[in-house]
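To start, the structure under review is shown below, and the notes come after it.
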Amino acid sequence: MKYIDSEQVHKKMGSRLLANSLAKTIFFLATLFGLVVLIVLIYRVLADGLSWINMDFLMNRLSTDPEKAGIWGAIVGTFWLMLVVAPVTMVLGVGTAIYLEEYAAKGRISSFIKTNISNLAGVPSVVFGILGLTVFARALDLGSVVLAGGLTMALLVLPVVVVASQEAIRAVPQFLREASYGMGATKWQTIKNVVLPAALPGILTGLILALSRAIGETAPLVVIGIPALLIPVPDGIFDKFTILPVQIYYWTIDSALVAEYANLAAATIVILLIVLFAMNSIAILIRNKFQKRY
Amino acid sequence: ACGGGDTNEGASGNGENSEELEGSVVIDGSGTVYPFMARMAENYMGEQENVSVEVSRSGTSAGFKKFLVEDGTDFNDASRQIKDEEKASAEELAIDVQEMKVALDGITIVINKENDWATELTQQEIIDIFLSSAGKKKWSDVRPDFPDEEIQTYGPNENHGTYEFMFENILEEQELPENINLQQDYSTLVDLVSKDKNAIGFFGYGYYDSNKDKLTAVKVDFGNGPVEPSLDTIKEDGDYAPFTRPVFTYLNTNMAKEKPQVLDYAIYTMENAQDVAAETGFAPLSDEDVQASLDALNGLK
Amino acid sequence: MPVMTEKTNPNTKIANVSQKATENKKVVYNTKDLNLWYGEGHALKNINLAINENEVTAIIGPSGCGKSTYIKTLNRMVELVPSVRISGEILYRERNILDKSFKVEDLRTSVGMVFQKPNPFPKSIYENVAYGPKIHGIRDKKILDEIVEKSLRGAAIWDEVKDRLNQNAYGLSGGQQQRLCIARCLAIEPDVILMDEPTSALDPISTLKVEELVQELKEEFSIIIVTHNMQQAARISDKTAFFLNGEVIEFAETDKIFSTPSDKRTEDYITGRFG
Amino acid sequence: MPVMTEKTNPNTKIANVSQKATENKKVVYNTKDLNLWYGEGHALKNINLAINENEVTAIIGPSGCGKSTYIKTLNRMVELVPSVRISGEILYRERNILDKSFKVEDLRTSVGMVFQKPNPFPKSIYENVAYGPKIHGIRDKKILDEIVEKSLRGAAIWDEVKDRLNQNAYGLSGGQQQRLCIARCLAIEPDVILMDEPTSALDPISTLKVEELVQELKEEFSIIIVTHNMQQAARISDKTAFFLNGEVIEFAETDKIFSTPSDKRTEDYITGRFG
Amino acid sequence: MARSAVQHDNKKLNVSEIIQQKKKSRSVNNYTEKLIPKILFGIAAISVFTTIGIVLTLITETIAFFKDVPFIDFFTGTELKPLGENAVFGVLPLLTGTIISTLIAMLVAIPVGLMTAIFLSEYASEKTRKVLKPLLEILAGIPTIVYGFFAFTFVTPLLSSFIPDLEPTNILSPGIVMGIMIIPMVASLSEDAMSSVPNAMREGALALGATKLEVTWKVVVPAAISGIIASFVLGISRAIGETMIVTIASGSSKNFTFDVTQSMQTMTAYIVEVTGGEAAAGTTLYYSLYAVAMTLFVFTLIMNLLAQYISRKFREEY
C-alpha cells in the first residue's frame, strides 16, 4: 500500500516552495531591518549635528548658550578617563589571563574564576556605577573624579580584556614556549619574552575594544555623580570631569528647554561615533596585520 | 559628599577683586535658580580664567543635603528660604550660612498651547486644581463650560523648593492630587506639558520665559482681574505678588574664609545679580537688597 | 636494501674513524631503569642507555615507539605534559636530573634542543640568537654581537643572513630557519644537543646541510638525534639505539646495527619490513 | 586475488540469478554526456550511463574519481556547492532533471539518499522516520504510525527499536543509526535509493546487515550504491560502473567486471594494483 | 670540564662560563619566579573581589533598607513615592516598568534577531554574509546613549504620529529601540548555534525532498535550540540591565500601570534618578537605591546563570 501519493506531493510542492521563497524574503527583510535602522540613525544624527561641528565646537568649554557651547572639556575628560582605564584594565586583564592560561591548574579555582568573569560580564553597568559610587567615590573618598570613574570603568570592561587576552595567549603556539624552555628559560622569562610579545596584537585588539566600550558608557558615570552641567576642563585624574556620552545625555534631556541642545547632542554623537569607529578600525587593522605569522 | 575638590590652600590670603585667583567653586541646589547661576558662573569664568565654577541643579532640598555636610558644596541655590531643620543641622556642623537673596521669581502656572479654555483662572481655581481634597478631576469640575476631560497635573518633585513653596505657601500643606506627575528635571516638565493637551503644571517663571513658544502661562485672577506673569508683574508688591517669591543662594562662610575665590564669586554674584536676573527670566532685586547682601559679604573679608 | 648502498657514504666513513679514535670516551648521559607513563599509557619501559661525549647517538624506531618521549625526558621537557609520571634515574654528568633538587633551567642551559619543526621566535634573526644569552643575564651589546656571529657561523648560516640580521626570522626558508634554531641553541654553548627529527620538515638540500653541520658539531658537542630516516642515522651517527613500543631493543655502534643487528626485530625494521 | 574467492558468496549467487531474470528491465536513470566542474576542476567528464530499475548498481573507483559527485548529481544535491557548473542531460524516468523547470524537491522525494556517515536528526527515532511524510503533508497520526512501523521493518531495525521509538536517535549504535537513515528514506517511498558508501563508517556485523537489507530492498526499489569496497560491490550489485579521474572506464554486469574486465585499468584496479 | 669554545673565531669568548657566573649572582631570579604566580593570582582574584564587592555593598545597604521598609511591603507595594515626608517604597512600579520594557524589547529582538540569524546562516551566500555581518556588528557597537537619543528625538515623535495618545516619555519607544539594540546580539549568538549544526543534518533533510524552510525550521532550529534560547535569555538579561535608553526616553513616572503609551520607570532608571538627584547617605531613599540595585543584580544574575546552564546542559550531541 502506498502512503505517499507523489501526484499529491507534486501538487503541494508549489505552495511549499512559495512558502520557502516568501520566508527567504521575510528573513532577508528582517536582516535589513537592523541595517535600515542603522542608516536612519546615522542619517538623523548627521542631519541634526553635522552643521554644528566646527573648530569652536571642538575647542570651546561648556556653556548654557548653545552658540558658545563646546565639548573640549568632554574630549579632555574622555582622554583622562582612557588614561586611567587603559593601564588598569591592561594590568588586571592581562595578569588574570596569564594566570588562567599559564599558571592555574585546570581545576576548581580556575573554572571558578572563569565563571565569575563571565558573570561579571553580564552585570548591568549601572550596578558597576553603584559599586564605584560606594567604594571609590565614597569609601575611598575620591569623589566623582576621573580616577573613581576610571577605576569603575576598568572593572566594567575587565571581562573584555581578560577574554581577548586569554584567546591571544592560547593562540601562541606551544612550540614557541618549548623553544624558550629548551634554552633554559624559566617560565616567567618565557611568558615575558616569548608568549606576551606574540600575544600582544590580540591583547591590544581586546584593549582597544574595551576602551571603546568604556568611553561609550554613560550610566556608571552618571551614577557616580558627574554633574556635567557646567564643569571645568579637567587637569588630571583627581579632577571632576565629563565625557562625551554624559554630555550627550544632559544635552538630550535638556533639549526640551533649549531646542538647539538636541543639535549639540547630535553633533557630540557624531564626534563620539567617529572616535569609536576610528578605534575599532585600528583594532581590526592590528588583528588583520598580525593574524597569521607562524 | 564630594565638595572641596582641589582647593588651593588659601595661601593667597584675602582676595582683592582685581587679583588673579584660582581654584574651584562648587554650587548645587535649585533648578529654578540654575539658569541664573550658570550664566553668572560663565560670566565669572570669563574674567577669572583660572577659577572653575561648577554648577549643578539637584533641587533646593537635595542641594541642602549636599551643602550641609562636612566638605560640602560652597553655595546652595534655593527657591525657598532655608528651613529651621536645615539651620539646626548647619549649627551642628558648625557651618556658618550666609543668606543671599539674588532675584525674584513668580510661580508660573503653565498649560498646553492647545488649551484655549483655561488661559485665565482665579487663584482659588488653581489651588483647587492642585489640591487633592478639592477633587477636581476633570476640567468640567473646575468650570462647567470647560471640556469633560481629565486634568493632568504636573510639577517638580519633592527635591525641589518650588514643590515645597507650592505645598507650604500656596496649598497650606494640604495634599496634592494622587496622580500628579512629579519630575526631577524641569526640562522633562516643559516637554510633558507642551505635549499634553490636558496638562497643567507649575514652575519658576524662567522656564516659562524661555519656552514661550511651547507653553501658555495662565493669567491668574487674584481678585483684581487676570494678571499675566511677567518681569513687570512679578514683584514683592506687584500684581503677581501672591505667587511671587524671592530666590536665594546660601554661602558657606567657612568656605568663603578658606577660599578667596569663593568669597570673590559671592561678591561678583551680588554685584551682577540685577543684570543677570533680567537676562535669565527673573525680576531684579531692589538696590537696597543688593547692598544689604554686599555689606554682609564684605564683612567676611 | 638501500641501507647497504649507503654504507659507502664518505660521511659514514668519517664517523667510523672518529668512532674508533674515541673508544673510551666519557659517558655524558646514563639512563637507568627509566619508566615513563602518560596517564595510564606506559610510553617508556625500563630504558637503560649510556651515551658518550662527543659522539652522535641516533635513536630510531617506528612511529609512536617513544623516541620523542625519551629525548624530551633528557632535558625534562616532557614534564610540560601534566599527566606524566617518571621512575628510574637519568644521570647527566653523574648527577641525577630527575632529582627534585635539580633545576631544570640549569639542565636546559647545558643541554640544548632542536625540534622537528623549525620554531624560531617571531623576532629578528639577531634577537633569536641573542635570546638565550640575554635570558641568562648577558646584556653587554658587544659580547652579544660576538656570540650571535659565532653561533651563526657555527650553524653554517652566517653568510646567508649576515646582511639581514634585523629582519624577522620568519622570512627565512625552512632549512635556514632550522639552522637558525641550531645557532640559537649554540649561542648558550651547551654541552649536549638534543635533536628531534631536525630534518623531517626540510627539503633534501637543506637536510644535507644540516647533516653536514651535525657532523661538524660533534667535535665540540655531544649530540643525540632522533630520526625516522634510517639512511640518515647510518650516515651521521656513531651509535644507534633502536626503540620499539617504548623499549630499547638494541643499542650498538651504528655500523653494527645496520650490518649485523643482533635482534630479529631490528633487522625487520631496518630492512623495511615494518614501521 | 581476494575478489575471486568472494565470488562463491551465496549472496552474489542470488544477485546473479535475479540479474538474469530481469534482463530487459526499464531504464530509470539515463545519463547523457554529463560534465561537471567545481570552479575550474573538471570532476565529471562525459559520463554516459543507463541505470536499470529494480537492480543494484554499484559505482567503484579510487578516491577522488568522482563517485560521490556523480551520485550527488543524480538528486542534484551537488548543487549545494556554489561553484558547481553542469552540462549534459540526466533523464530520470524520461525527464531531464537538470532542466531548470524541474523542481529538486520533487526529484528528491522520488529519489532517496543514504549518506556515508549516518546522519539522523537529533530527534526521537519516531520523529526521524516521520519527518519525510510530515513535510510532504501527512498529518494523520494513525497513518504516520503505520508508515514508521513499515519503514523501520523495511530497514530491518523494527525489532531493535520498537520499544524505544520516543528516545533520541543518537542513543543508537552507528549501524542502527545507518539503518534508521535507510528507514527514514524508505518512509517517503522513493523510487530510487542512492547510497554513498553507506557502510564505510560501520563495523563488519552492521555492514553485513545493511548489505542484506540492500539485497532485499532491490525487489522494490532501484538502488545505486557507491562503495570503495570491491568485495561489497561484487557481493551485492547487479551492475558495476568503474570510475577513474571523472570518467566511466567500464560499465557492465558485476560478474563480468570482476571476472573478465575489458579495460586494463579496471583490471589493475580490481586486482589492487592501485587505488 | 670547561671546553674552550672558540672554533671559528679566534677571539676568546667563553659564554658558558659567563652564564655560570651570572647564574650565581642572580639568585633574585629564583625569587621572582616564585613571586610572579602569587602576584598573578592576586590580580586574577580581583575579578572575584569585584563580584564580592558588588554583592557586599548591595547586601549591607539592602539590609539597612529592610530595617526601614518591611520586605513584604517593598515587594508587594504598588506605590513608589521615594521623596517627601511620607515616602512609600513599593518596587512593583519599577518591576512592571522593567518587565514591560524587556517584553517589548524581546518582542522586537527575538523575531528579528532569529530571522536575521536564519538568513545569515541558512540562506545568505558567503559573500552576502561577509558584507552583512560587520554591518550588524556596527549596530552592536553603538553606545546606548546614542540609542537613547534616537528613541527620544526620533522614534517617539515617529510613533506618536500613529499613536496620538502616546506620552512624550513612554515605555514603548525605548522598549522598541532597546530591542533593536539587542538584535545583533541575538542574531550573532543564534547564528553561531545554527552554524554549528553539521551540514550532514541539512543534507539528510534536503535529500528527503524538504524545502530549505522545512530544513531550517524542522531540523536546524530544533537542533540549535539550546544555543538559540541561551541567546534569548542573554538578550533578556541585557534588556533588564539597560539604563540610558529608558532613562532618557521613558521618563520617571512611578505609576503602577500596564499602559505602554505611558511613562514608566525601570529599576535602572530609578537608580540613575536617585543618584543623580540626591544621594545623601543614610536616608531611606539612599538605601532604596541599593535595594533596587540588589533586585536588579539578582534578576540579571539569574538570567546569566540560566543562559550558561541552558547552553551547557543541553549542548547538542551530534
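Each chain gets a letter, A, B, C, D and E, in the order it is written, and its residues are counted from 1.
In the analysis below, a contact is a pair of C-beta atoms (placed from the backbone, for glycine too) under 8 Å apart; a residue touches a chain by one contact, two chains touch by 3 or more.
For reference, the UniProt names are A = Phosphate transport system permease protein PstA; C, D = Phosphate ABC transporter ATP-binding protein; E = Phosphate transport system permease protein.
Note that the structure is predicted; figures quoted are calculated from it, not measured.
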item	value
Count of contact steps on the shortest path from chain C to chain D	2
Contact distance in steps, from chain A to chain C	1
Touching both chain B and chain D (chains)	A, E
Distance-maximising chain from chain A - centres being C-alpha averages	D
Most widely separated chain from chain C, with each centre as the mean of CA atoms	B
Contact-richer chain pair (by C-beta pairs counted) among D-E and C-E	D-E
Separation of mean Cα positions, chain D and chain A [Å, integer]	54
Centre-of-Cα separation between chain B and chain A, whole angstrom	40
Distance from chain C to chain B - Cα centre to Cα centre, in angstrom	87
Distance between the centres, which are taken as Cα means, of chain E and chain A, whole angstrom	12
Residue list for chain B, restricted to those that touch at least two other chains	1, 188, 191, 194
Residues of chain D whose C-beta touches two or more other chains	105-106, 109-110, 135-136, 188
Residues of chain A whose C-beta touches two or more other chains	9, 16-17, 138, 186, 225, 253, 255
Contacting chain pairs - touch in the sense defined above	A-B, A-C, A-D, A-E, B-E, C-E, D-E
Partner chain B, residues of chain E touching it in the complex	83-85, 167-169, 251-253, 255, 263, 273, 276-281
Of chain B, residues touching chain E in the complex	1, 58-59, 61-62, 65-66, 69, 157-159, 179, 181-184, 188, 191-192, 194-196
Touching residues (chain side chain A, partner chain B) in the complex	61, 63-65, 137-138, 143-145, 225, 227, 229-233, 238-240, 253-258
Residue ranges of chain E touching chain A (in the complex, touch as defined)	29, 32-33, 36-37, 39-41, 43-48, 50-51, 53-54, 57-58, 61, 111-112, 115-116, 118-120, 123-124, 132, 135-136, 138-139, 141-150, 152-154, 180, 183-184, 187, 209, 211-214, 234, 237, 240-244, 247-248, 268, 271-272, 275-276, 279, 281, 289-290, 293, 296-297, 300-301, 303-305, 308
Contact set on chain A toward chain C in their complex	173-186, 189, 193-194, 197-198, 293-294
